[in-house]
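Should a chain be cited, it is by its letter among A, B, C, D, E, F, G, H, I, J, K and L, assigned in written order, with residues numbered from 1 in that chain.
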Amino acid sequence: MKILIINGPNLNLLGQREKSNYGELTLTKIEEIIKSEYRDDIFTFFQSNNEGEIIDQIQNAAKNYDGLIINPGGYSHTSVAIRDALEVAKLPKVEVHLSNISAREDFRHRSITAPMTDGYLSGFKEKGYLAAVYLIGKIVK
Amino acid sequence: MKILIINGPNLNLLGQREKSNYGELTLTKIEEIIKSEYRDDIFTFFQSNNEGEIIDQIQNAAKNYDGLIINPGGYSHTSVAIRDALEVAKLPKVEVHLSNISAREDFRHRSITAPMTDGYLSGFKEKGYLAAVYLIGKIVK
Amino acid sequence: MKILIINGPNLNLLGQREKSNYGELTLTKIEEIIKSEYRDDIFTFFQSNNEGEIIDQIQNAAKNYDGLIINPGGYSHTSVAIRDALEVAKLPKVEVHLSNISAREDFRHRSITAPMTDGYLSGFKEKGYLAAVYLIGKIVK
Amino acid sequence: MKILIINGPNLNLLGQREKSNYGELTLTKIEEIIKSEYRDDIFTFFQSNNEGEIIDQIQNAAKNYDGLIINPGGYSHTSVAIRDALEVAKLPKVEVHLSNISAREDFRHRSITAPMTDGYLSGFKEKGYLAAVYLIGKIVK
Amino acid sequence: MKILIINGPNLNLLGQREKSNYGELTLTKIEEIIKSEYRDDIFTFFQSNNEGEIIDQIQNAAKNYDGLIINPGGYSHTSVAIRDALEVAKLPKVEVHLSNISAREDFRHRSITAPMTDGYLSGFKEKGYLAAVYLIGKIVK
Amino acid sequence: MKILIINGPNLNLLGQREKSNYGELTLTKIEEIIKSEYRDDIFTFFQSNNEGEIIDQIQNAAKNYDGLIINPGGYSHTSVAIRDALEVAKLPKVEVHLSNISAREDFRHRSITAPMTDGYLSGFKEKGYLAAVYLIGKIVK
Amino acid sequence: MKILIINGPNLNLLGQREKSNYGELTLTKIEEIIKSEYRDDIFTFFQSNNEGEIIDQIQNAAKNYDGLIINPGGYSHTSVAIRDALEVAKLPKVEVHLSNISAREDFRHRSITAPMTDGYLSGFKEKGYLAAVYLIGKIVK
Amino acid sequence: MKILIINGPNLNLLGQREKSNYGELTLTKIEEIIKSEYRDDIFTFFQSNNEGEIIDQIQNAAKNYDGLIINPGGYSHTSVAIRDALEVAKLPKVEVHLSNISAREDFRHRSITAPMTDGYLSGFKEKGYLAAVYLIGKIVK
Amino acid sequence: MKILIINGPNLNLLGQREKSNYGELTLTKIEEIIKSEYRDDIFTFFQSNNEGEIIDQIQNAAKNYDGLIINPGGYSHTSVAIRDALEVAKLPKVEVHLSNISAREDFRHRSITAPMTDGYLSGFKEKGYLAAVYLIGKIVK
Amino acid sequence: MKILIINGPNLNLLGQREKSNYGELTLTKIEEIIKSEYRDDIFTFFQSNNEGEIIDQIQNAAKNYDGLIINPGGYSHTSVAIRDALEVAKLPKVEVHLSNISAREDFRHRSITAPMTDGYLSGFKEKGYLAAVYLIGKIVK
Amino acid sequence: MKILIINGPNLNLLGQREKSNYGELTLTKIEEIIKSEYRDDIFTFFQSNNEGEIIDQIQNAAKNYDGLIINPGGYSHTSVAIRDALEVAKLPKVEVHLSNISAREDFRHRSITAPMTDGYLSGFKEKGYLAAVYLIGKIVK
Amino acid sequence: MKILIINGPNLNLLGQREKSNYGELTLTKIEEIIKSEYRDDIFTFFQSNNEGEIIDQIQNAAKNYDGLIINPGGYSHTSVAIRDALEVAKLPKVEVHLSNISAREDFRHRSITAPMTDGYLSGFKEKGYLAAVYLIGKIVK
């Protein structure tokens, strides 16, 4: 099983942002936790601040991977284009948000990308990725 | 570790509702899956169609359990009173929705109870409960 | 043929509420009129102020009755949970409102339960129940 | 007793429109059913696609008829002018919709003409007219 | 000087509608008052319940008249088509409403036809027409 | 007959503001026109930029005058307090706007003071005051 | 004089909720303060998390009590059914909120139950109940 | 191949309306251009200011023509009835707007009739009709 | 203890306004009732129709008084400036409305000044002031 | 004549997306059809998922091409930046949408880029591009 | 060069309000800083809590000053009358807000006065005035 | 002191866009003016049409510069991702808009990036950058 994990804008800065919402972990640390919790060689990690590059990755996901985990960051709330890319991608898809978006600013309450995934998790910090991998495993089975 | 799992209105009818959103599993079947996946004796299951009884259960959760998993069903979108009960309950709390609520009718997009939990999952059918237990375990640790 | 007639919150007070909207009949009087207009032994009457108890009744309707007439009262405008219960109940269903809800306060214009019934009547006072029985008869045939 | 039955725009095409909402009956067939269910000689049927002609008919209803049944079709949702005509017409008035308008597109949820009638029925297809006649009879009595 | 006075839907029923808003005068009475207050032979009166016929009249106004007074009735609040007709008509134009529309139902607060006239009066009952003639006279001068 | 004419904020600057909306006349010129068109000694003119002073004047109008003409300027769209003052003042009241407010910015479309007057005129520039005097005369009669 | 004091959902938890909004007093303490400030034997206290039970109590208030004090908690913002029950209850009614609801989340700004009471107080913590008793006394007199 | 071209209200005045939006061509001129660009004998032109007459024409289109081109003018933004007529008409349908409606007043941005056509063009002035004929030809093939 | 009681626009007219909302008492009468119910010499009364003067008074309240009771009248719904003044004033503050604002026009439902007070009362007519004094006393203690 | 055809995000996936909206053609196939219908050497095709690259292309269009055809895909509904780029580009511009956007999800009804083009077509699938070339030809002439 | 600096309601209290938004400086201190940073004799300072007095000052600005700096305080968000006064005043105008209004309550996000100035600054505390003087200097040149 | 100046989409086209809003200056000219007004060697200029590249630059700003001036162009109104990047960047930040955005289209009134800066200026054309440098200097001190 091969899983692609896409992280969107500003997630490369994790650990520098406000702790109440995101905790202190860096993105590299999260990747290590994921790899140690599961197997090392099934994950590909991709991070970009660029909407177009994220779409490129989603478009290529179906033929190369068995599952897709995506945290679109700020693009969750604004990008019809990422939504459309997810709609076409035929593989198990899980959306993850580190913070509980329903408890933050109004404009973060609604994800316009989530409806095009199998489901989404919000608020579990780095543990959300672990649960997402767990769920991808369950969906693939 | 002791976990209380509360299911709200109409979830006792699972298996009779539209399959595209909820799959064919009954609530009893889901409870069995949860117990077999984890340990048998840590779970207490409660289902009610009654808003007040659900609030009563939430109020008693903190002193008797280590974690709370709740699927408030239709009350997620209308009950300020359940929201207030969750706010006071000081234990790990996870909200679960069987279907992907962001992909359904407009009035289901927003959960007013979710902001008062640690986080929520939506769209993973019965697997959502399994992941919720997994996450409670991680939070408690 | 067996028909269940559910009346929601405050309908037990009929006759005490403002006459311009509801007329002077009591609920008991309405039940007598229905029974005398049709046959005596086909009706079961249920009234409750409790959202959960109404859901319980709706859940049990399909296996015990040939038709369901419901006046959800104030819950028509707020209860996603009753809506969900009606959606699952597979029997002829008619919603009745004593007053013409389109002519009252804004928040009464929209019934969120009505879309899950075969149809609804609004504004015909106690005669609405008679017509509802008439229509259930037509639908069942 | 004399009853005027007004059908608005596109109701002359009944039977050609989407079956899920309107069933297969033609308007002529409905008129026959009404006449056979009740007495033959009390009904006058009028259909027009023209808002102004419908207003003309409503204006003349009170002095020539004992009751008015109207299905304003698409004009229900847009015509303040028909609403005003109904307000002035002093006779029993019932609004009928073949489909359950609360279950269709948002812009059909609200009828701006219904508040000026005694009451309205929605969702009972051709049976709605029969019940409307039944109700006019009850109101007149 | 020749003035066309157009009255829209239901204004032919004046005197039958609710007195608090419209007073007891009939349309014929108003026409007589106008003719006696000013000169008899300068006015042409037109009333129709039909949006299209009203547009036809507006289109012909500029070449045959020196001024246009219009009470579009219920069409004031819904007719983009009458608005467009008024926009093209190059002659002095005054809109009149018998009742004070700002003090009635919300959907009557806004006239979408008024912006395409020189100005409008609302609330002065039959006297509004007299003032409108007075103002047309002032504008023409 | 004695008439009080109140002009609100910035109307003292008439003639300096944008000509497309207000024409070139000064407030003094308008007052002269009014006095020459009617009788000289029946008018009292009051202008203020101050909401409180305008309320003071309205409160004193009923006992000292037979009619009130008011152009509340920008306060038309924001002042609940002036609205309340007008509601209590028991004398004929006419609101005047120089420009056609329905054809300007959205926030000028709605006057919250107009519902508490007998009626209002909008768009007739200085002629609006003349027509207002004419209408007060008609109402008083 | 006999007064019924109804407290809605989660008010039994008072003292456990966030102190900035509600202070540290328990519901029992508040009841003691009320009884000591006034007379001991005139008060009946009722608390429930259940919407239906609260409606039952309101329905029975008029025949058994001289005044009703209600804090509907979260149901203030969602319950049309409680509003309807209050509307029918013919006795002096005062609504109390411990916190200043106008200063909290948007969805708490509007109470849909308050319009059916004589008046309401918000923000005075336990003192609000004392003032409510004081006001009931004044209204009854 | 036979094509019906329906033009709605005020399009008979083309050439008189504001040039920035509509250019200087008259409707007759446009008809000539269409006929000379394609074949002379395949087109039937219909113009009416009357909503009902336009609906009549649409209802008859399917049995007499191979394609329908419609410019509903102001009715595009208000007529549910024309929308319903278009929905039933089973032939290739193209909606045309002379001006770019997305660049005009807010209330013109949305066409409620367009969703019931194969597609629509907006902003190409008389050339829009030529392209519509071209597209009908492509769809029919 | 010294208490400042500020009454806003039009409250000097009390007794002249509509009785259903405000009762028949004049402001002077209310002041007498307050003084007789409590002690004569602790109250300072201030009334103004002028927003700026009310702000001036609020600004001076903290250094001269132990408590502030304010009825901002129509300014409650529009004045950010009074809200800002209240925010800075560090003394016990109670807002009073004579009528039940939640039961009146929509634009009166929300007070933008109330969030900057300790709490507010609405609907108790002159008794609201008495209860406000009672509450100031409790807060100061 | 030289024409630039820009296709936005996910249009490179054409043929993989849902057939009801987009048909089965690939982007390459569409390009071939365009070239065979017209002349081979006048078209330059550009596709990108990247908002910034699309803006770069639009900025360079005016100096190198005689016409611009753009299908901004999901960016039509969100990109103020592409709108601004189109505003500056002084050459004939046509916006094309394969599906009828007025018949899809609400958030697709409004294109914020279309107002800055000469006009737009929506719903004609690949034929829309052909008509767009046809229209560019007409505009250039 | 002569510059008028107008400060609106509650700005005389600067230093007493919440420090997170406004810093600790008093208005007098700010005036001193401005005068020492630039020349002493070019500034006139005016502060008032009264909307009408601020309008009076703005009306007189053009003939007596070369530039106007205004901080309308709470009136920025509510005063159409100040907006109208600014529109007529023909001199360089800069609006200043001490705090970053886009980061505060929703009702402060929009200034309805700012569109009638050359430009505005928000968030720079007392330094905003200095930059405003700097900009007035640049505009005048 | 080192300052990074970021210009967003289409600002490289300055001088080609509509003069009423932006004046005739090119971006290069603006950069020269900034450098001549202040010191030559403290500024780094960056322009991109690409949202992702702008985020990259903001992320790197804090460690390399003492201040950040940003004109996000069209992204100000749509980019949650740029907002998030600004939130993390810990250095003095000033947002600049050439035109007065409060006076343009509705969708430009609100900047969602500005709340994450120290403050913003709008409407001063190229002078806005000069004042921004001036303000950065003041903030740093």
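In the analysis below, a residue touches a chain if its C-beta (ideal position, glycine included) is under 8 Å from a C-beta of that chain, and two chains touch if they have at least 3 such contacts.
Not measured: the values here are computed from a predicted model.
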Neighbouring chains shared between chain H and chain J, ordered by label: none
Neighbouring chains shared between chain J and chain L, ordered by label: A
Self-contact between copies chain B and chain C, residue sets same or different by half: different
Centre-to-centre distance between chain F and chain E (centres being mean Cα positions), rounded to whole Å: 23
Distance from chain J to chain D - Cα centre to Cα centre, in angstrom: 46
Where chain D touches two or more other chains at once, by residue number: 50-53, 78
Chain-to-chain touches, reported pairwise for every pair that qualifies: A-B, A-J, A-L, B-C, B-G, C-D, C-G, D-E, D-H, E-F, E-H, F-I, F-K, G-I, H-J, I-K, J-L, K-L
Of all residues in chain D, those that touch chain H in their complex: 8-10, 12-13, 16-18, 48-53, 73-75, 77-78, 107-108
Chain H-touching residues of chain E, taken from the complex the two chains share: 50-53, 55-56, 59, 78-85, 87-88, 112
Sites on chain F touched by chain E in the complex: 100, 102-103, 109-111, 114-124, 127-128, 130-131, 134-135, 138-139
